[in-house]
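Just below is one structure, and these are the notes that go with it.
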Amino acid sequence: MLLELESAPAPKLLPRGIMRANVFRGPGRFGLEEKAIPEAGYGEAVIRVRLTTICGTDIHIVRGEYPVREGLTIGHEAVGVIHELGPGVEGYQVGQRVMTGAITPCGQCEPCLAGDRSQCGGPLGGWKLGNTMDGTQADYVLIPHAQANLASVPDALSDEQVILLTDIASTGFSAAERGNIRLGDTVAIFAQGPIGLCATVGARLSGAAEIIVVDPDINRLRMAEDFGATMALQSGPDVTERIRKLTKGRGVDTAIEALGTQETFENALRVLRPGGTLSSVGVYSGHLKVPLDAFGAGLGDHTIVTTLCPGGKERMHRLMRLVESHRVDLTPLLTHAFSLDDIGKAYDLFQSHGDGVLKLAIRVS
Amino acid sequence: MLLELESAPAPKLLPRGIMRANVFRGPGRFGLEEKAIPEAGYGEAVIRVRLTTICGTDIHIVRGEYPVREGLTIGHEAVGVIHELGPGVEGYQVGQRVMTGAITPCGQCEPCLAGDRSQCGGPLGGWKLGNTMDGTQADYVLIPHAQANLASVPDALSDEQVILLTDIASTGFSAAERGNIRLGDTVAIFAQGPIGLCATVGARLSGAAEIIVVDPDINRLRMAEDFGATMALQSGPDVTERIRKLTKGRGVDTAIEALGTQETFENALRVLRPGGTLSSVGVYSGHLKVPLDAFGAGLGDHTIVTTLCPGGKERMHRLMRLVESHRVDLTPLLTHAFSLDDIGKAYDLFQSHGDGVLKLAIRVS
Amino acid sequence: MLLELESAPAPKLLPRGIMRANVFRGPGRFGLEEKAIPEAGYGEAVIRVRLTTICGTDIHIVRGEYPVREGLTIGHEAVGVIHELGPGVEGYQVGQRVMTGAITPCGQCEPCLAGDRSQCGGPLGGWKLGNTMDGTQADYVLIPHAQANLASVPDALSDEQVILLTDIASTGFSAAERGNIRLGDTVAIFAQGPIGLCATVGARLSGAAEIIVVDPDINRLRMAEDFGATMALQSGPDVTERIRKLTKGRGVDTAIEALGTQETFENALRVLRPGGTLSSVGVYSGHLKVPLDAFGAGLGDHTIVTTLCPGGKERMHRLMRLVESHRVDLTPLLTHAFSLDDIGKAYDLFQSHGDGVLKLAIRVS
Amino acid sequence: MLLELESAPAPKLLPRGIMRANVFRGPGRFGLEEKAIPEAGYGEAVIRVRLTTICGTDIHIVRGEYPVREGLTIGHEAVGVIHELGPGVEGYQVGQRVMTGAITPCGQCEPCLAGDRSQCGGPLGGWKLGNTMDGTQADYVLIPHAQANLASVPDALSDEQVILLTDIASTGFSAAERGNIRLGDTVAIFAQGPIGLCATVGARLSGAAEIIVVDPDINRLRMAEDFGATMALQSGPDVTERIRKLTKGRGVDTAIEALGTQETFENALRVLRPGGTLSSVGVYSGHLKVPLDAFGAGLGDHTIVTTLCPGGKERMHRLMRLVESHRVDLTPLLTHAFSLDDIGKAYDLFQSHGDGVLKLAIRVS
């Protein structure tokens, strides 16, 4: 299913206590460096990374479009093995295989206790790895609030089967979960990149009858059909009109935005029925305008929800159960595989959008 | 898929304005009679019945266990064709194929406007057909509040594909919908009769990862597996213990009761995790006791919900979309077929629980 | 409490079957005309109006800013007495005092059955009176779907005590109800016109601890304090900064927009905490922009809800209970009173915003 | 407002590192002992207690009706001052005045991350203080998971103003919060002990129009009226009949059970309308039977929810805001005050139900 690595990871001849890490050096500059293996403080754990991947956000980081400090290790997705447990972390053991969500909430601050764990400690604060702390594209990574975030991976599941649950599946599913989908509803999903494809899976899991997906890329539309879309439409100026017709003028019950552009947001609103929900997981930049005609001038009983990827081990365990019970198989999204040593090539491919690339498996150990 | 009728329905040689109807004559006595074809008053419609079925409730009625007036036509499930539209019913035409839920809410009383449409006008008041009004086991049936209840059936769907949506599927699905199931949750369902089997379908549609079903009947357990159960357990004294083990002591997130006995209710509560939901659609008689040890002495943050079959055309349309999009196929539940003239034999078989009977298609026209 | 009318309504010397009605004749032109008293068809009722009022929307109509057909009777708020009941309307009697919401849903169409009654039959379709049907600023008004919409007024309540429940209170309260307010939450409300003031009442009824209101008008801010605001701020460029400080940088849990301008919408979003809800009941025109910095670039777990005034008799009864139990007294909003014959003067005053006018009682009979 | 203590707490002449603690010695035996002052480990804090109180649960403990280990310090309610902070607890300082809920969730286990914080770690596991750990009726108490549980008390609030938020108010309010109360609803509350009285406050805060309370004790009914009850009924065999009449046969929207007996539970169900919610916060013993006639034989669309007191600092802060903004004043419930040295007398009074006692303030320092 996965491309085989062309060569096994080379034996690491690093000094004791030293590891490889993919480090941001400034806009447009990044690459593998040697760093000290982190040590686990109170409530923390260190994971030896087995598999990681590259996210669209990482591309924004290396291009300097999303600011992080120079010297930061990039990456927020990982499956690995517990290397060290700090004091206060209980119920785990060194050597145990675990995964951790891209979002690592503390569980104990005001936002977490209010249920807004992705906003841990403040706006977007649940995203720490590869953002405000060293990330996962390295031999080892320090996991904060380990008690809340280390999710044990069942032996029956491979690293590849679970790696995408850490971020894009959790995000894509949440688009559906927050969309107020009822059994038999009609859902439209705008954009079928990795997150949009996971939203398609999520809409199906949530009981939608009709799932209409829109994307410019034929290959992605085909995969969407494999993932449960009942109607795949290529992007075009008449797409909202076509969806209106498909729903006999009624509009869709839930519209999911999975890209973060004015066009997809606007289209999502234009096909939404009065009383429906627009669930947005795209990251927007610049301006976002609400077309008031599609918004009933503010009287359409619409709901717009935005969601940052949910994390925490409880969610990770639930999502892994969906894989264990064969309800979800995300491995078709892993179109290519690289070793950590070749991560530069992996970034090149991912940025090129070439060769049908969707997500990359980066094998670390 | 269905047993063929041994003979086509005989040409009806009834006087003009007269029809056949299966009438309750008193405890233990019922059968076909001639009755006047009803006429549609304001807001009403008359349907020429094509297909109906027999419900467990009908058995209680003919036995005199559930009181209805003598002379009532039995039955509350029907697919048919509009025969007459009363004044004030708009957007339909005579000859149009329609179905109507077992529950026919008015949409305009206090409970309906509060969203409790099954309790239309008062306790359990949404159930009118075959209860407080003549029902569907007849050539024609009068539908009250037709504007709210006539659901157009798409040409692509057969009568057999939709007949079970009128009651048992709507009920079984609602058990899941009201059960607060999250993606990846574990659900246990007690009893796999027709409603329990539909609850299994509903749990799967709602995104459960693990669906554990319990029933004494091996054949029903097999069908449950076809319908999405991930673990089928034969009833027995150790069943709660086995479910506890399957969930590693955690208990299930949602427990569905689909029979209406002390044992199934109690077992449902015993396997439920703290904070979980017991969703009950069984009809209880006699006494119901809550085992306080399983109930955390009232401190377990449990939720118990009961649901009477939801109706109304909007729901029927949504459920039909699930059939149209091939997400749901309930026809395996229709194990036998009879003509209306043979409805007595149909009741005999249904009461006998023989020959693997689950639900019967009663062909009227 | 109310200004006394300077003269009692003059005896009407109209021909039998003829009534007075305030009619839209074209942009900028409207006034009293004689019209035939309507007659009640199936499911309808005719109400003899006792008290009505003027809404901001009516101003948009007479100015030609909101299009309605020429010849339409204006007005959508009324308390009156049943004059005639059409066939199919049961449980009422001629002479009974009733009120009806500005929104008169049928209860039987797809949107109504989905719970979106304000969107009855299609976008904004629940608003019929004074929009697509003759309205309430007349001696008599025809009420559609009377069974779902005639709410009996208890003898203990005056017309003035309940008239504002038909629209602005139902709207303002809904802003709070849809805002996900938890006990002890902090709510900010932008604009304290009649709807905003009712949102203040609604926020208090919903258990908010801190209610911060913003308006340019000192008198309205004072009334807001009487209605439950804990902090009243005059509009100004630093208002979001001041609210940030009041909440110690945390932001508010719920922000209510009650005007329909870019500025108030934007301010509402700027003071909203991650994970919070922006509940909008304003009517927007032109463009609406979402400030992405305040929106977490779409990752703030924000919810934006819009609401059109909810209607139906069940809601009206519930809101009347709040008045009966002395939890709500909206009569201070009725700053002026006129007779129907003087409705032209009433419009003049209402448009001038002079004399501290908030809402007008128009006495019809 | 409070009874003055007859004498100021005597200077403590205890050896360094030694404190007073009210210890359970076995069924019927308890009293002050000397114990070592606890020390804060990772993630823990030690609080010097200023004010505590006695809960009904404590009475069950000292009588041996609720099993705890011998030697345990009793009590789970406290306002105090931070004496020591363990490693990993940030954002606090020694000497800061804080309170902590009776329920002290970790925020990081599966149930906590699923939002079931009162069931932290397992059934009822959120209740640690005075149950599985030494409690608050002592000079010092160790607080587990301090980061999630230390709630800073504003200077403007006295110890007496906030002490009851730790348990009975949080519980009583939650009965209303979980009861699905809509604005204008009718609520009946069975039993008006301290928790029931707080449920009355909670129902009012939640927007109920009519709040019907039932209790045998006239004094408690009077206080209920002060707290917002609109109708106070003395217990009696006809109480459900009277409530049925008060609601014109409709039944109440929400029924709250605040005692934990068969009679109050049954009465709550008997007055509940179809589709309504029974919210239970009582602790039951022995058997609990569900009267099936009042339960619609399981078809009444009823919801029954049980709730264990919610905790965590975020909730405590929200509840304190209700006191700060003068929406809630619970001090009338503190009918008597004692010093810790006199805690034996306090237990005597509390158990006697004499002298109109509701809750006791136990002054520690």
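To keep things simple, chains are lettered A, B, C and D as they appear, and every chain counts its residues starting from 1.
By definition in this document, contacts are C-beta pairs under 8 Å (C-beta built on N, C-alpha and C of every residue); 3 or more make two chains touch, one makes a residue touch a chain.
Fair warning: this is a prediction, and the values are worked out from it, not measured in the lab.
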Message = Of the chain pairs B-D and A-B, which one is connected by the greater count of C-beta contacts?
response = B-D
Message = Only C-alpha atoms count here: how many degrees separate chain C from chain D in terms of the superposing rotation, rounded to the nearest 5?
response = 180
Ask   = For chain A and chain B, what's the span in angstrom between their mean Cα positions?
value = 40
Request  = Indicate the whole-number Å distance between the mean C-alpha point of chain B and the mean C-alpha point of chain D.
outcome  = 43
Query = Do you know which chain A residues sit against two or more other chains?
reply = 110, 114-115, 317
Key: chain C to chain A touching residues, read off their complex   = 110-111, 114-116, 118-119, 122-124, 250, 260, 273-275, 280-290, 292, 295-308
Remark   = Given the complex, residues on chain C that touch chain B span 42-43, 87-88, 106-110, 112-115, 117, 145, 147-148, 312-315, 317
Message = Could you list, by residue number, the parts of chain D that touch chain C in their complex?
response = 173, 177, 182-186, 202, 205-207, 209-210, 230, 317-322, 324-325, 327
